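Each of the next two complexes has chain A plus one other chain: chain B in the first, chain C in the second.
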Partner chain A sequence: MPSSRQRSLRTWLFWAVPVLLLLTPLATNAYTQFIINGMLISILVTLGFTLVIGNLGQLAFANTAFFGIGAYASAILSAKMGLPWIMTIPLAGALGALGGFLASSAALRGIRSYYLAIITLAFGELMRWAYLHTKPLTGGTDGLPLPRETMFGISLSDDTLKFYIFLAVTVVLVKATLNLLRSRFGRAVMAVRENEVATASLAIPTARVILTTFIWSGFVVGCAGALFARHVGHVFPESFGMLHLIASFAMVLVGGLGSVLGAVLGAVILTALPEYLRAFPGMEELFFGLIVAAVLVAMPMGLASLLRRLSPIFVERYYREES
Partner chain B sequence: MLMQLTLGGFAQGAIYALIALSLTVVYRSTTVVNFGHGDFVMAGAFLSYVLVVLAGIAFLPAAVLAMLAMFVLGVFFSKGLIRPIRGGPHIGLALMCISAGYILRGIARMVWGREVLPMPPVFDIEPIFLGNLVITGDAVFIIGTVFVLLVVFFGLLGLTDLGKMVQAVYQSPRGARLIGLNVERFNDFSWGVGAALGALGGILVAPISLLHPDLGASFLIKGFAAMTLGGFGSLGGAVLGGILLGLAEQYAGAYIDSALIEITAYVVIVLVLFIRPHGLFGRKAVVKV
Partner chain C sequence: MIKLTSLLTAATLVAAPAFAQDDAWETQGLTDDAITIGVMGPFSGNASSYSKALIGMMAYYEKVNAEGGVHGRKLVAVQEDTACDSAKGLAAAKKLISQDEVFMLQGNSCSGVALALRPTIEEAGLPWIVAHAVSDSISTPLAENIFHGVPTGSANGHAMAAFVLSKPDTKNVAIIEHSNDWAHSYSNPARDYLKENGVDPSLELTMERGQTDATAQVLKLRQEKPDFIIAALYEAETAIFLRDLKKYGMGDIPVMGTAGTDLENTLKRTGDFETVKNYYVIHSYVDNLDGEKMTPWADMIHEYYPDEELSTFSFVSIGSAEALVSALEAVGPDLTRSKLMAALEEVRNFDTGILSDPITWTPEDHQGVKGSAVAGFVDGEPTVLKAWGQTY
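Then we have the complex of A and B:
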């Protein structure tokens, strides 16, 4: 456990990172800025995912669905209903949270482990089918472009402006998740993962804990979806398929299951690398597949487990090293 | 019309049954659900394509070779990647299976790119006309192969010592170990059998559909749907679930809307899990504290 001096150092470090990041647009070109924006989105996706599979310990693969719901919600609300995009972020988050509620209702009906994995996979694929077959709303295979928009007189296609908005959303959501995990509620989440029956016997409402974690995960990932819609400017059904799922797995695992710091690290590392592989068909799948297999065998608790050995500053209380 | 749909449903259902059965074989002996199984099916189909079209081998020997190759792959997957993380959480095992599937898919896509490959027709049998009913060679061949295979499979399980060993390992791996069964090797063997049976599913579909690296994903979901419907862990249930799913797809597609064919499996999964989670023949899950 870190000492109080180390804890204040940690808080200081936490805020230093985004403040320093404010300067990045000075040192980047349009392409690197685009990649960095993508990293911020991946951080949120990975964070939402690790909450459910790492912290709560449920085999739920619905996060790709939450992501798609958020992105389509944002695109539809701004393209068809004329809402300003910035307003669609919380709404997309709310719809993602609704998706989380649906996924958790399966978990609460006693559908667990493999059954939960299968039903959430089916949920994701059903959503993709829905995007393809509701053409008037989603544009089907052609996808849905986001309208041109300006904020403070700057076009929203400007990557620097997007960067500041994305950074703000990411920092708020990461900090909120950290606070949530540090609370009494966070302890309950960990207790449910370790032993649900024992947790219930301590008069902790396990059903409510599971429900809330799913909803928060859906909210975070739904917001990420709204950012993603603006990031690429045009949502397609293919963006929310299986490749996105394996990429999120890889990010969660490389960083460390159930670690917030790990989610950030995994997302940052694995967003940049595959950009170079995109030109070769199949390489991305092979790459992520090999990474996940290698991490599972050689480093099951990910990079976060290495960092915490380096310095107590990186110790997260609700992240378990031994499996 | 109804008869034609039923025949088509049986042919599709036979393949789903095979895939669900191969998933169940692995699940029963190792308690691992192979989330990469669709890609094993795809790999079987691609291997048979390579052997038939590129190496010029006849279809039947090519099918046997492809199944053997997939058996070996399954055994090595079990030995090399599943065993090291056996004791760990289930989530790791599920992720390992998924990543293995992606590796296979990535390899297929690297070799074939984004092409869609047609397999030359293998069953050059004249269709038989019975009144309005057209019985194609494919349907006869698929249903016949799966039927023979099921007879052999259940015969082996029910009548031989091997079948008793399978049952022993399923009921209690620890007890099986105590009476001198090599459970580890048995698990490797099950993975091999599962991979080979799944590959056969792919081989049977190959001549009647187009091959592409994403072939597996839909078969995985269909296998799951069949397995869920029949009841997790029940071998007979997997077969029956597969046939019922095949029929349901055909009927829903013809009588309601053809777009429904793709999502029948998902709907089945969701409905079964919400209404009767242990399926038709599965054992009710009992939580032991």
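Then we have the complex of A and C:
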């Protein structure tokens, strides 16, 4: 049982990190800021993915579909309907959540394991086909550029302004997800993962738990899609294919399956790694594979488990702690 | 009066760093003996074969450096990988601009990446010469710092239609294409050009990727009896289409293909000269790849990249590199970014000796190459043509 000192330290640490991050634009250039912005997006994608695959225990690979839905929703609402980009973030999240609802329908029909994996993969490919073949809406293979926009008199192409918006969205969604996981609902999510039949026998509505988790995952990743659309300024179907899925899956595994801290660690490390390897074209894939293999062999529960061993502050507890 | 003087002094003090910053920006990436050039391309990933397109340009830099550089300055390429991915491409561009602080950019395969880069580079304002990607939208609408150094999609489409109409008495033209944007990037400008010249395509057919039989399309064509067929198909499907065309006795109808197919490769695929004897393709160069006029360029590439296996892509960026060097020479030793962009806008009918069409950049139009040659078999030999029956 963690002491109240540990709990307050953990809370302090949670808020200290984003507060310190507020200062990063003082020490970055446009390039490093762009990479940090990319890390924040990856954190949300990995978080949404690990919720379904790690916390709920469903072998579902629809997160790239949610990501694409969010990105295209944001781009279409901005470019075709003239909405300010900032307003498209919750709407993209809502459409991502709708994608989550659709993806959960397979799980709700009792489809599990590899069959669910294949169906959700097909869902992602179907969405990519839709981006390619609905040219009037999505721009087809030419993609869809976001209009140039300003906020507070600053261009939204400015990486520092984007950083503050991305950071705010990331902190809100990570905190909301942590609260969700620490609630009665969160415990039900993990109960479904451990034994769905036993959970149902305790009068826990497992179908609703599965549905809600997919919807929340879709919302988080959909919001990340909206951030990505503004991050790159031009969305293309190729950004939402198998390569993105594999990269997100690797982030989940390296960080630690079912761990919010792991999602953050995996996203940060595997977003930064390719940039460190820029000087060695072609080595990225090699190092990527080696790191994933090394972490899985040495730390099957990911890098988060290493931190947990170092200090109990990093232990993620999903039960109500006594005050 | 004293107050006014103080105000002016204060204004000067405030404005001075801004002017100094402008001066610094103008010569960023420039030293007395080097001009740093950011070269972005897909050096890794699925589309890494396109990185060959930057080899010719970099070999040309080496050649210029070996001859003493431009006004004593060597051309130093700083390579960054885009992996043909928009996010990675943006990271590469931002690194080159804000961290490596290069003087200018040249290169880029993958139109999608180049399109994603456009707002960032346009805002940064440094000169950017696109040396391989073909999408018209990269350089249209006009951006004062973005120059296209290869034929764009519309230039290729127009060249295809112009060649078709250069055949005397061509009135009946059919189009067969894939139903994807790659095919449309050729067929739409070709269709527009035909219509501008009073020819409406008499038949428009689709052949999907991966299709292994073109009988249905060929039978429709047999009814229509076109004078010329425009085929916006990938190489594998082109070979199937030409095979079936001959099979149904229509091998004498000329077929115009895209730059996505190679004449001799298509012959290898069909294995029958009779199928390709009337096949023509877009060809951006003055000669066949193994022709006399291309030999010096091939030798140049092999001098600096001895292991390079030459393909059509290997030569594509050399023309724009030549135009750049010519503009740098015109500016003189007192080089700035603004002066270079002004000099690039003065490039007129620049004969590269390798591209079939000259490069012209004006203040109103930065799409420098307006046409392309065509390759076809003449007397059994692959030949580069200006128009029907006119060799280069």
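Miscellaneous remarks
Note that in this section the second predicted complex is superposed on the first by the 297 of 323 C-alpha atoms of A that agree within 3 Å, B and C clash if a C-alpha of one lies under 4 Å from a C-alpha of the other, contacts with A are read in each partner's own complex, and residues count from 1 in each chain.
As a convention for this text, a contact is a pair of C-beta atoms (placed from the backbone, for glycine too) under 8 Å apart; a residue touches a chain by one contact, two chains touch by 3 or more.
The structure presented is a predicted model; accordingly, all values stated were derived computationally and were not measured.
In the superposition on chain A, A:Glu125 contacts chain B only, with no contact to chain C. By the touch criterion defined above, A:Pro281 lies against chain B and chain C together after alignment on the C-alpha atoms of chain A.
In the superposition on chain A, A:His234 makes contact with chain C only, while chain B stays out of contact range. Which of chain B and chain C touches more residues of chain A is settled by the count: it is B.
Of the two partner chains, neither chain B nor chain C is touched by A:Trp12.
In the superposed model, A:Tyr115 lies in contact with chain B only, and not with chain C. Shared contact residues on chain A (touching chain B in one structure, chain C in the other): 281-282, 284-285. Per the touch definition, chain B reaches chain A in the complex via residues 33, 35, 81, 84-85, 88-92, 94-96, 98-103, 105-111, 113-114, 213, 217, 221, 224-225, 228, 232, 259, 262-263, 265-267, 269-270, 273-274, 277, 285, 287, 289. By the touch criterion given at the top, residues 43-44, 48, 79-81, 84-88, 90-92, 94-95, 97-99, 112, 115-116, 119-120, 123, 135, 137, 180-182 of chain C touch chain A in their complex. By the touch criterion given at the top, residues 53, 57, 59, 106, 109-111, 113-115, 117-119, 121-123, 125-126, 129, 133, 197, 242, 245-246, 249, 253, 257, 280-293, 296-297, 300, 323 of chain A touch chain B in their complex. Within the complex formed with chain C, the residues of chain A that make contact are 29-32, 34-35, 38, 132, 135, 140-143, 145, 148, 155, 157, 159, 228, 231-234, 236, 238-239, 274-275, 278, 281-282, 284-285.
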